[in-house]
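Think of it as A, B and C in the order they're written, each chain with its own count starting at 1.
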Amino acid sequence: MRAMILKEFRELRRDRRTLAMLIAMPLLLLVVFGYAANFSVDTVRTAVVGPQAEQATAQLPFFFDVTTVEPDGNRSTAEDLLQRGEVDVAFVSSTGPAVALVDGSNLFAAQSIVSVLNRLSDQVTTEVLYNPGLKTSWVMIPAIIGLILTFIGTIITSIGLVRERQTGTLEQLAVMPIKPSTVIFGKIAPYFLVASIDMALITVLGMWLFNVPFNGNPLVFALGGALFLFVVLGLGVFISTVSQNAGQAIQLAFFFLMPQILLSGMIFPLDAMAAGVRWIAYFLPLTYFTMISRGVMLRGAPLDSLWLPVVALTLMALLVFTGAVLRFRRDLAPTRRKRGGTSESDAASGAEAGST
Amino acid sequence: MSYGVSDAWVRFGSQVALRGVSVGVPAGQVTAVVGGDGAGKSTLLRALVGRVGLDQGSVAAPARERIGYLPATTGSWLDMSVQENIDFVGGAYGLTGQALARRADPLLERADLAGVRDRLSGQLSGGMRRKLGFCLAMLPDPELLVLDEPSTGVDPVSRVDLWRLISEAAANGSAVLMSTTYLDEAERCASLLVLHEGHTLLSGTPHEVVASLSGTIISTTTLSRPAFGWRHGRELREWFPEGRQPAGGSVITPDLEDVVIASSLKLGMDGEERL
Amino acid sequence: MTRQSTTSPSFLTESRAVSKRFGHFDAVDDVSMNVAGGEVVGLLGANGAGKTTLIRILLGLIGASTGEALLMGEPPSRELRRSIGYVPQSLGLYDDLTVQENLDFTASAYSQPRPSVPADLADHADTLVGDLALGTQRRLAFACALLHRPALLVLDEPTSGVDPLSRARLWDTIHQQADAGAGVLVTTHYMQEAQQCHRLLLMSGGRLVAQGSERDVIGGTTAVEISADDWAAAFSALERAGEAVTLDGTDVRVADGDPYRLQLVLEAASIPAQIRSVPATIEERMTVLARAERVGSTPPTS
């Protein structure tokens, strides 16, 4: 018994990945649920438009953090601000009772706003846009599309690539007269294709089963999806280059997946997260994909209003994908590249070997 | 055309995998690299096919299109059928359709794999899978065929099949370099190289290698010095490096196995003297 | 085939009419065999002949479909397995532990005192097993299996991929164990090693087709040896004629060949050669068996 336990500890001590998982995972969960798991929103970004904008602003409780005041604006100005995701709520003041337009695509903020407004019901008429029923499924499905793509991109891709290393056939590919670029893109393209089809399928199915609307431009959605796919496929390729077998690949992919589920704003709203944790969210690709998918599907947000997530994903895609492909390429090249293409190429002589 | 590696040095970090090893691989012959795990066989073969760069020394090999290589691992894609493996590798060498069939069909026929084209490589027996790996390596009609332990773990019957395929490849003009731990296979090769911890222990034709051993080897029933003895089939063998005529036992003509074992013993003893 | 009464522990391990069926596939088919103390028994056969399955049944790792497997005269049990040293093909070492730690663990598992590292492994005492060469790993697996001085050693392809000197030394260890009274059951593909066994068992297609001495195993198989300057041509010509051709060095051999018929083949191909009948080898018997299996006929049992 003692020997068995001792052996297990010794093995565990040497398995750095599992060890990291044992230590990092509890820490991550503690931090996330301590600081990030917060459904209640303290303040909401607010716009006030219309002739009485100045006066209305002064009357609003502290909960409404007024970022935009436009006395010249009207309802369409307000809707535009909401659609672009610049504010969570917009008050349209006019001669009659004010109208509060609430962005239902930001579910937790919207729920807080509605409950606050219900207490002021006499003076304000509340209208929830984009998700009038405030359904959780409507905001979850656009995010889940991203989660599924992350799953395919990292776990499935890395397993597929690592199999080639595990069975040693990568060695054969490297010797065959196939260009490294052909090998790499030939290995990645199928996963890209399958993930794209999956994305379309899940989107359509989500719309059909849960009546999730698709209000925006499918091309913007496709652009966001493609950029995001490059990032997650790049992660998958990267994971495969640092793993020796499928088990290691899954373990590592899990490391990438876990924080994305918890911190991307998919479950807990970014606005409600403590600043100390929120910055992590801004390094996660799923955060940006969720911004795009929710924006396009629910609010019909135009491309120019989504420039931040698009630029962020583009940068990540360039960085991660290129880095991963270069690492993969290194595996296909000779251990030290001193040998030329065809025949007789004298390698430069190295240092005198320390023979005995 | 003769290919090969001369004065090859390869280091992996602090480990030296090859220490000035040379091997010529002439066309039309099978050349064997013999040694245990860690002797440097795989590194030498991988250097010849361009997978390992040399720290020092030179490599002569044809263009990639004319190299066939069977690594020491599985050698085929386990989740693809025999035919799919052939199609994939053939395609990589620019062979498709009729041209591929003309090349692959006789190979599969000779390897006794023609009847299992639809079977997944992962479902083949060890011996059959090695034969499939061999067929894949033969697809480009290689000028240089490099086979890393084609017969390790393969049963005697499949080994005979494999040997037949290998000797035919050589008879048809390929320069063949294969590594093996079986000395009966090495004995059939035109020339051989015995590696030990990255050093060349012995090299030459089987006859030259056997003749290179100094001293006498006897067949005996009791060993006078166990450190110089080993079992050979039902007999015990003992080596007398000084050539002194031993009291008991009968002097035999050693085979390759005896010579390799005696030379390994000598190396171990020289090593101890150096210390 | 010797049969002992059920209570007699005179065999360290024994199978009585053991069969194992996986689906429609008879992995082991009616095999009766045994290993006694002090003998080295070689288990031979092609890949897939059922050797590893038989070993696993003998050890009680899987149950037989029909028939009876006995260890020390009793059905295999965990307690009985303590008297066995088993080295599987996969070696069963822990890659993430050092040599010393692997030995410590095995020793504790068998309630043995903490062992010292054998001299030939001393340099590697603190090396992780995963970083060792295969030959060294095999030596360690041996050392682990021998720690508790087992009555029965079961070795599945112990020398695969090992250099000749290390192979010779491993076989020295095997014989030392047998001389000290242990029984050894060993599988090998290497016929020179088969000759070092006291007794051989030959399996083909799940069945035990021959047992006894090398002569017994070869049975009625005959061989013809052909020496030709152009041995490759002779080989090809005979192969094309459908003969069971093998090679010994550069001599071409034909199992169960008819010298007269072979002469005709070679003359037709204009290959000058010397033809003579010689004693057959175990490999040739195996080749004959394999060819019989390929055409689906029943191989002869001796």
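Just so it is clear, a residue touches a chain if its C-beta (ideal position, glycine included) is under 8 Å from a C-beta of that chain, and two chains touch if they have at least 3 such contacts.
All of these numbers come straight from a predicted model, not from anything done at the bench.
Undergrad: With chains as vertices and touches as edges, which is it: line, ring, star, complete or other?
TA: It is complete, because no pair of chains fails to touch.
Undergrad: Hey, which chain is the most central one here, using CA centres?
TA: If we average C-alpha coordinates per chain, B lands closest to the whole-structure average.
Undergrad: Taking each chain's centre as its mean C-alpha position, how far apart are chain A and chain C in Å?
TA: Their C-alpha centroids are separated by 56 Å.
Undergrad: In whole angstrom, what separates the CA-based centres of chain A and chain B?
TA: Roughly 51 Å, centre to centre.
Undergrad: Would you mind pulling out the distance in Å between where the CA atoms of chain B average out and where those of chain C do?
TA: Here the centre of chain C sits 22 Å away from the centre of chain B.
Undergrad: Which positions in chain C touch two or more other chains at once?
TA: none
Undergrad: Which positions of chain C touch chain B when the two form their complex?
TA: Residues 45-49, 133-136, 157, 160-169, 171-172, 175, 189-192, 195-196, 232-233, 235-236, 239, 245-250, 282-283, 286-287, 289-290, 294.
Undergrad: So in the complex, which bits of chain A are touching chain B?
TA: Interface residues on chain A, with respect to chain B: 163, 167-169, 171-172, 174-178, 334-339, 341-347, 349-351, 353, 355-356.
Undergrad: Could you list, by residue number, the parts of chain B that touch chain C in their complex?
TA: Against chain C, chain B makes touches at 34-39, 112, 125-127, 149, 152-160, 163-164, 167-168, 170-171, 181-184, 187-188, 196, 206, 230-234, 257, 260-261, 264-265, 268.
Undergrad: Applying the document's contact rule, which stretches of chain A touch chain C when the two form their complex?
TA: My answer: residues 2-4, 6-7, 10-11, 14-15.
Undergrad: Note which residues of chain C are touching chain A in the complex, please.
TA: Listed in rising order, the residues are 94, 96-97, 101, 104-105, 108-109, 128.
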